[in-house]
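Shared chain: subunit A. Partners: subunit B in the first complex, subunit C in the second.
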Partner chain A sequence: MKIAVLSCIHGNYEALNAVLLDLEQHKAEKIYCLGDLVGYGPYPNAVVEMIRSLDIPTCQGCWDEDIVEGLNACECSYPSLLAEQRGKLAHEWTHERIYPEVRDYLAQLPLSLREGDLCFTHGSPQNQHEYLLPEMNAFAALERVLSTGANTLFCGHTHVPYVRTLEAGSIRLRVDYKGESGEETVFTTPLRRIVNVGSVGEPRHGRPNATYVLYDTETDHVQLREVEYDYQKTCAAIIEQGLPPIFAWRLARGLEFAERADDPSHICER
Partner chain B sequence: MMTQLKSQSPGLYIVSGPAGSGKTHWIFQQLSKQTGSQIYGAPSQSSWCLDSAYLESQLRGDLQNLNTRNLAEIEGWALKSPVYLELGFHLDLQVLPIFSSCVPCHKIAVLPSGLAMSEWHFWADNLVLGVGAMNPQMPSQIQKSDLTGEVFDPASLDMVWYELTHGAYGEVQRAKGIFNVVDGRSFWFSFVAGQDSYYEELNRPRCLESRPGGLSGIEVCGQNLDTEAIASNLAASCLNDQLLSHYQAQYRSYAANSEVVS
Partner chain C sequence: MWAILSGIEGNLTAYEAVLRDLKRQSVEIEALYILGDILGLQGPVEALLERLQSPQGGERTPQICAGFWEDQYLQMQGWGGGQPEAALSQYGSNVLMELEKRVPRSCLDWLRSLPFGFLELDCLLVHGSSVSVSDELSPQTPPWQLLDYLVRVEANFLFCGRLGQCFSVQLQNSQISSQVTTLDQPLIEQKATSSPRQIIGVGSVGRVSGLARYTLFYPTTGQIRCRTVEYAPNP
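And then the complex of A and B:
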């Protein structure tokens, strides 16, 4: 079965439509969404309504959680004062416009989804706010995948797509307590994989195109898709709707708007 | 014709050229070679001058900053030492003050490559090859903001500077600034359209107690500048008193610990 996995739409309706058309053309039979339906972009309600109308299984992203719970992310979410100010502004704008039924929908989204040996989550299995960056320590990355019991972990949140294969290996563990050496245990870990599907609506890979992933469950083939769309329409809507023009400028260049982990090893404690 | 100028002898050295051609850099090179008095003035600047603050920080000796309103004083100094006067690109070269003929006066144009003919060619008696390529359009707007006492979050400053120099707030042809950052250091930022930004740490004492007193600010030249957006994004990148005090305490603590270790 060919499945499409998308994430981080961020209220960008134009980008979502382009991706839906592309995955239809590639005959995807099932779609999973890894959250962050809202935030920064001009059409949060329309995006949620589209995802709901297509009955797409969806996880809760960090932005979805913040819109439901209120903005109380720990400082790991923002790499700078300016990013924090912009993030808060986008949150406030979205918070004021979101429909009650959209908020209710976002509130009931699960943190992760399973299908066979696949797991789907927004940031990491531990937290929607944690970033699984490609350069993350291999042991920590492996631990994140093993904690799900799945072979392949699909995630988003970083807005930069990648596939990381964690080769089979062994882990030696010994606990020394009060000067006494403990017994050494050896674990053998099989092959695991992390697939980051990038971002539909707020790419950070240096181009404005939307990204998502097509995965074939029979051949185990992962295809990173990059889809062109009329991003200028979204840019114009950002300005028309009263969001900061700098969001449009950054979107047109494939730069992040504001939120990005400064320290990938940091474990969010919110 | 580009010439090598003997700029060590007493006299007035009036330096002009387009925005970002390297006028201050050329003056810095001449002053660095000097053993005697280092005298500089920027008559076209208003109450504060970034170039002058940069030279003051980076020159080993004491830079004497001229009060350029007093022509007689300038002439007096120029009879004893080389005196450098830097003119802004926007100044009308035809209405410059006339100095006494007893003072040797050199008119130097610092010009980018590829500039075949210009008002500077007619005005100058010495041409110096500057940096970059000539921008065909003269900047129509100049925005200057005094940021003295402000301290920046480095990541925010990096973001604003990137946006500024990549066209987010209008077409910037030249931008320069002196910025204080939270670890107590101050930096010179310089950008000319078509070139990479240049950064240099200033030789100023690190400030880890309250707000730094040295001049800091930004000057942006270009077209269609969104001056409000530049100002508001710069303001959003600065630390308030509470944050500044919190981070300065951390840096003081690091500094004390490193001294103990070493």
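And then the complex of A and C:
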């Protein structure tokens, strides 16, 4: 079966439609969404309605959580101070326009989903705000996958897609317990994989195109997809609707301007 | 040399026994850490708190962080934004009443001021894990999880107290291969290795009546000693 996995639509209805068309052409039979349906973009309600009407199993993203819980939910919702200032404007804008039933829907989204040996989550299994960057310490990355019990962990949140395979790991350990010194044992870590599916509506890989992932459960093949669409339409809507123009500028370039994490490993200790 | 304690749980007699044992050590104690669970079900806390705050003749002032019981007590008093569910599920429905009886209200501010842990040299000192005071690390905890707790804070030693037992897990020469595929760059292959690291359970001073356990640590050599002190418990 072919599965399509999307994340970080961020109110970009044009991009979502383009991706839905692309995955249909590639005969994806099932769709998973890893959250961040709202924020930054001009059509948060329409995006949520589309996801709901297609019955797409969805996890809660960092933006979805913040819209529900209020920004005070986490002081460290933003990767940097500059991102925070802009993010706050977008938050207020979204907060004012979102329908009550959309808020209710976002509130009840689960933090992760499971299907067979696959796990789906927004940031990391423990936290929607954690960035699993491709250069993260390999042991820490492995822990994120192993903690779920799944073989492959699908995530988003960084807006840049990648596939990371972790293999041939070994940890030598010696245990002293109850006054006895144990033998040295070797723990071999199993092969695991992290698939970051990028971002549909707010890509940061250097081009404005929408990104998502196709996964074939039979062949175990992961395909990073990049889909062109009329992003100028979204850019125009961002400005028309009174959102900070920087979001249009950023979308047109696919840049992570001001969004580079000061401390990507930081986790909110709420 | 550092003395690292945890889990006094209101047992002042046990704490006094440990202090006496520390005085008998030939090497100078440079730091005294208490990794939480000052509060607990083993005895009233008031006199213990006073003792902690007034070190006598050459004793080090203890550096104290929050533990499981402090966290649960604060939750119970409406701080921390949750319910003391862990205590209820692990110790039964009477536990809150029992705790309330032993803890003076006046120490609330002091409890709230306790740090989560200490990061000193290449050592992390906490009650539970680098993530939560309720995590109970033990020799049975999967090694990849233990390694992650250390990697998160870039420490080589993690001292913890939640299990209430002395133990040590040494993680040596860990390695792993990683391959990253992106849209644009060619395949990036990496081999990561991790220097030797160690998780140490420091024992519990007050949980077992008549038998106090704590840990001595030599930061310069990395040597670790679990001390067991027998004492006559209060009748």
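The definition used in the following text is that the second predicted complex is superposed on the first by the 242 of 270 C-alpha atoms of A that agree within 3 Å, B and C clash if a C-alpha of one lies under 4 Å from a C-alpha of the other, contacts with A are read in each partner's own complex, and residues count from 1 in each chain.
Here is the rule we use: contacts are C-beta pairs under 8 Å (C-beta built on N, C-alpha and C of every residue); 3 or more make two chains touch, one makes a residue touch a chain.
Treat the numbers as computed from the prediction; the structure is a model and nothing was measured.
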Which of subunit B and subunit C A:Trp249 touches, first, second, both or neither: first
Partner chain in contact with A:Tyr99 - subunit B first, subunit C second, else both or neither: neither
Subunit A residues touched - subunit C or subunit B, whichever exceeds: C
Which superposed partner A:Tyr162 touches (first subunit B, second subunit C, both, neither): second
Touching partner for A:Gln85 - first (subunit B), second (subunit C), both, neither: first
Contacts of A:Pro134 with subunit B and subunit C, given as first, second, both or neither: second
Residues of subunit C that touch subunit A when the two form their complex: 81, 116, 131, 139, 142-145, 147-148, 151-152, 165-184, 188, 190, 192, 194, 226
Partner subunit A, residues of subunit B touching it in the complex: 153, 155-156, 158-160, 163, 166-168, 229, 233, 236-239, 243
Interfacial residue positions of subunit A with respect to subunit B in the complex: 79-83, 85, 245-246, 249-250, 253, 262
Contacting residues of subunit A [partner subunit C, same complex]: 126, 134, 137-143, 146-147, 160-179, 184, 187, 189, 205-206, 211, 224, 226, 265, 267, 269-270
